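Structures given as structure tokens follow.
Look at the two complexes coming up: chain A is in both, with chain B in one and chain C in the other.
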Partner chain A sequence: MKVEKVEFDPISRIIGHINAISVGVKQAIKPERITVEYPRERRKLPDNFRGLILFEKDRCISCFRCAFICPANAIQMELYDNYYPSIDYSKCILCHFCVDSCPTTALKQTKIHDVAFRDLEEMVVHTDEMINPPELVREDTVTVEYKINRELILERKKEVENLIVEVKPVERIEYHSACINPQNCIGCALCASVCPADAISVEINEKKVLSIDINKCTGCGLCVRECPTNTLGLVKR
Partner chain B sequence: MLGISEIFEMFKNNMVNIPLIQPIIDALMNIPLVNYVVALVLWKPFFAIAILPGLGGIMLVLLLMVYWERKLTARIQWRVGPLEVFRPLRGLIQPMADGFRYFFQEVIVHVDAHRPYFVQLPILTFIPVLLPILFIPAGEIVAIRSPYAIQIIVALIALIPITIIGIGWASNSRFAYIGSVREAMMYFAYEVPFVIAVLAMILMYGSGDPYVIVEKQSVPGIIMNPIAFLVFFIATLMATSRLPFEIPEADQEIAFGPFVEYSGILFGIVMTLAYEKLYIMCLLMSILFFGGWSGFAIPLLGDLSPVIWLFVKAVVVMLIVALTRSIYPRFRLDQALRMGWTSMLAVSLVSLAVALAIRLSGWLG
Partner chain C sequence: MEGKVEAIYKWDIQLPKRIHDAKFFGNLKIEVIDKGICSHCGTCAAVCPVDGIVVEDKPIEFPDWENKCVDCGACIRVCPRWEYKPLNGVGEYIEVLAAKSKRFKGQDGAMVTEFMATALEMGIIDRAVFVGRDENWKPITAIVKDVEQLFEETIRGTKYSFADVMPRVKELIKDYKVGVVGTPCMMSGVRRLQQESDIFKNIKLAIGLFCTENFYHWQLHEFLLKEKNVEMKNAVKTDIKKGKFIVMLKDGGKVSFPVKEFDPIIPSGCEVCQDFAAIQSDVSVGSVGSKAGFSSLIVRQENAKEILDYIFEKEYAVKGDVNTDAIQKLCDFKIKIHPYPPKH
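Now for the complex of A and B:
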């Protein structure tokens, strides 16, 4: 097949030139750029932005759900007076599955996305470092909001945005662990060994006695998860 | 033999008259020794070369043009452009900072370069760049008054590519070589239509004397002969390596072409070459097509008023020329050559015919 010369008619060429120049002039007068001059301006972020994760110790029931769900295996539970999560930010992909899975909102999202670490060791953020937000140097005086209404419009406001999101504790149904199928129990005592609150005790004499201290039980469900014979279950308080 | 007093008298009799600062000048003229300097600076031929529209104008235009070009291109491309050097004015002194950087950077003359020419030619380039200014008048302020000024300016502008080719040759590097060959090719492409367009205007006005040309432009030349303006405009873009024809310098292909080996202040000098050429050609353009220095006189500025008009017209043209950089992509060398030798040549001949028709109709007398 022969390649033929492309023909243009002069009128469409002139129209093309005029279009190009008019677009250029239009952008020169009122550019549609979406640049945010970052250290001095900040883009307004939504409250559910997946930034740095903070931790509130009082709400945590040591249910390990964050550690179980973490797809990057970044969360390790550390032992203080109880088991609390620590996050390795060298592994963390900021998916916030942990925040979503937390039944008591002990893990909280923030809008902080500009954090610097000196080395890899420092990137393992222990529980006590997660309680208080990191030290921030704020240069910004203007907050830029992206408003999308068919076109993207940048709205600049002279205000400083609070990067810490106030997370209200959820109203949740209180559970406690209980023997729902006592005939299944084989006395393996896995539930007792796994309980972070020491609420379960197993005595094996002639009879297998599994006692649950309801006052100590936080309803984390770890024992239910571990039980191999479906003996235990969560019931409402 | 002329004594100092005779020269001083010569300066004093031909001084720029600016009513706005006349009291200051009078006071300075009474101080011994300082009065010689003041008389020299305000001597009309010296003023034309050294201040406006000469060297001072070039410096101003360089600072303005580099900033404007970067900022305008950035705006059109949705960027911000130079900003961090003096933020309150949004990076206005960025070109000055760049200039300082060039000053203190090491000048490297590489082993393969032809050392004398490599160092000399960037400086020698100033000769064809600055000589046309001698012949560009602005009202009363003129260095050399000649009835063939336009022709001389065009002839001197035609010398600039030769020095650029010399720079490319002296650099002795492959990119510089490609760049200087491209420069030579582009020179072929634009020079003939450019000269014909200027000739058309000279034919139309019946003289190469800028004074006659400005006097005859009761209607600006661009309206009388827009075709010649089109050719002149495109030739200006080609001659100054503006973007649709930025072929000799093509950053992305041959890394600034003939100037690739330069660094430090020598690079600063060669980089500004295209801007200086653009300034000269815009001055010529405003004389030929935009009525030169004609404009309502500002009484406070006196003799300075026509100079300001000419300068402002040239600068406005330059600012508009800068727009093409962000709109058009680069032509290929053969496309530009074809354009120069077919459509542009034909259009310039048409403009010559238009000029002849106007001349024969006796409109301009």
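Now for the complex of A and C:
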């Protein structure tokens, strides 16, 4: 079989050119792109986006739960006037287990996803920096979201969105620490020494008398975790 | 909730008496460790709430106890050698018999392994603390969770050296039902722990071993190397039979000498111990009183009896003849060689 030269008919060529030019002009006037001009604008993020973590000192009861739960071991408790968390963002995997475990919502999620650090040392956000976070400076003012509307046409929607999400605190079941297995106790009084609320006290004469004041107890569970013999447990109020 | 009725929970703990004006560990150190009656059972380390007490191949110690000890007195309350009254004799028992495991090969009848395997199988325990060894026969504790692990060679056989079994028990006790194998002093420790805190009732099976003396590994190793020119690296089995210490070597050779030659390296804590048959165990196991390839068993508690019945029901082991007099003789012998208070 012989390969023949394809002949174009000049009229269809001209129509093709006109079509191409009209598409070009149309896109120049009303573009159909789906790009975001970061950093002047940003993508709209869902409300439960797991970004940078903010900390509110007044709510923190120093229960260490965030530090204990952190699977990446990124949270260390540092002594300020009490023990408060510090986060090493070089280790943090942004799982927000700490935020979820915080009994008083002292740790808060944000939608800030694009923090830049100069070096590894700077990635450790120490307690004083957690308490007094640096001011947020951003170029982007609006978020952009592409949506397919009813006519099945891609629409570009601009919105203003707050990066710091106000999450309503979950209604918690209130617990307090109690001596559930007194016969297990060896009297080490570790519970009293770790209690951040001074709710556990020990009296020593010939006997050791341990007592829990449940009005002071915040139900943080630190004593339960420290107890070497499962003597203490959390019970519902 | 306006719960003013039970706003304060209270409970109390009886403290032991202080003999010396120091923290409780200081008292223990003076009265037990420095006096040389410490048996190196490691019970104190199992209870220490701050994990300060270390059980290694040297006398028990608590580095920096002056600062780190929280002065709770738990170590004293569980120490089998505090206000020491030696236990001796065969002790109470339900049944004495000899048996040989069909499934396992071990020191004699492999009945310790068999008991633990069956307890794991029955669900009485979830974890068993065994003593394995490295190539130099230094004991390494191993935590066994299923029967398969018990077929490993290094888990089997007697090592005649102290091991840190009790601290390992502590790691497990909060979450698991535990089975323990150990010397008579460790069995006494287990009972003390169980009296002191109910958490240790999670030790569901305590197998005691017949014991006259136990050694520090480095001393035993050095003794065998210097005096007998035996490298433990080349050993496949150690044993004590008829008053002789026997080392079987890889090349088929055999070195044996009277146990009496060990006298200079016997730890002082063992010299005041008269408990040969692990009186406070659930079941005691040893070679004395049964033929070669069989283990003698002294079943003392109901839980051990239950396991034994299961073993025979499933035909995991065969019964043999036991010579109770031989066990009695060794119990009496241990009282004779280890008088308390010591003569010197």
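Here is the rule we go by: the second predicted complex is superposed on the first by the 181 of 237 C-alpha atoms of A that agree within 3 Å, B and C clash if a C-alpha of one lies under 4 Å from a C-alpha of the other, contacts with A are read in each partner's own complex, and residues count from 1 in each chain.
Note that in this section a residue touches a chain if its C-beta (ideal position, glycine included) is under 8 Å from a C-beta of that chain, and two chains touch if they have at least 3 such contacts.
Only a predicted model underlies this, so the values are computations on that prediction, with no experimental measurement involved.
In the superposed model, A:L120 lies in contact with neither chain B nor chain C.
When the shared chain is aligned, chain C comes close enough to touch A:N184, but chain B does not. Legend: residue contacts after superposition of the two complexes on their common chain; A:K207 is shown touching chain C, with no touch to chain B. In the superposed pair of complexes, A:P228 makes contact with chain C only, with no contact to chain B. The larger set of touched chain A residues comes from C, when the choice is between chain B and chain C. By the touch criterion defined above, A:A20 lies against chain B but remains apart from chain C after alignment on the C-alpha atoms of chain A. In the superposition on chain A, A:P31 makes contact with chain B only, while chain C stays out of contact range. In the complex of the two chains, the chain C residues touching chain A come out as 1, 3, 6-15, 47, 49-50, 70, 72-74, 77, 170, 174, 196-199.
Touching chain C in their complex are the following residues of chain A: 178-179, 181-190, 193, 204, 206-215, 228-231, 237.
Of all the residues in chain B, the ones that touch chain A in their complex are 72, 75-76, 78-80, 83, 323, 326-328. If you check the complex, the residues on chain A that touch chain B are 20-21, 23-25, 27-28, 31-35, 37.
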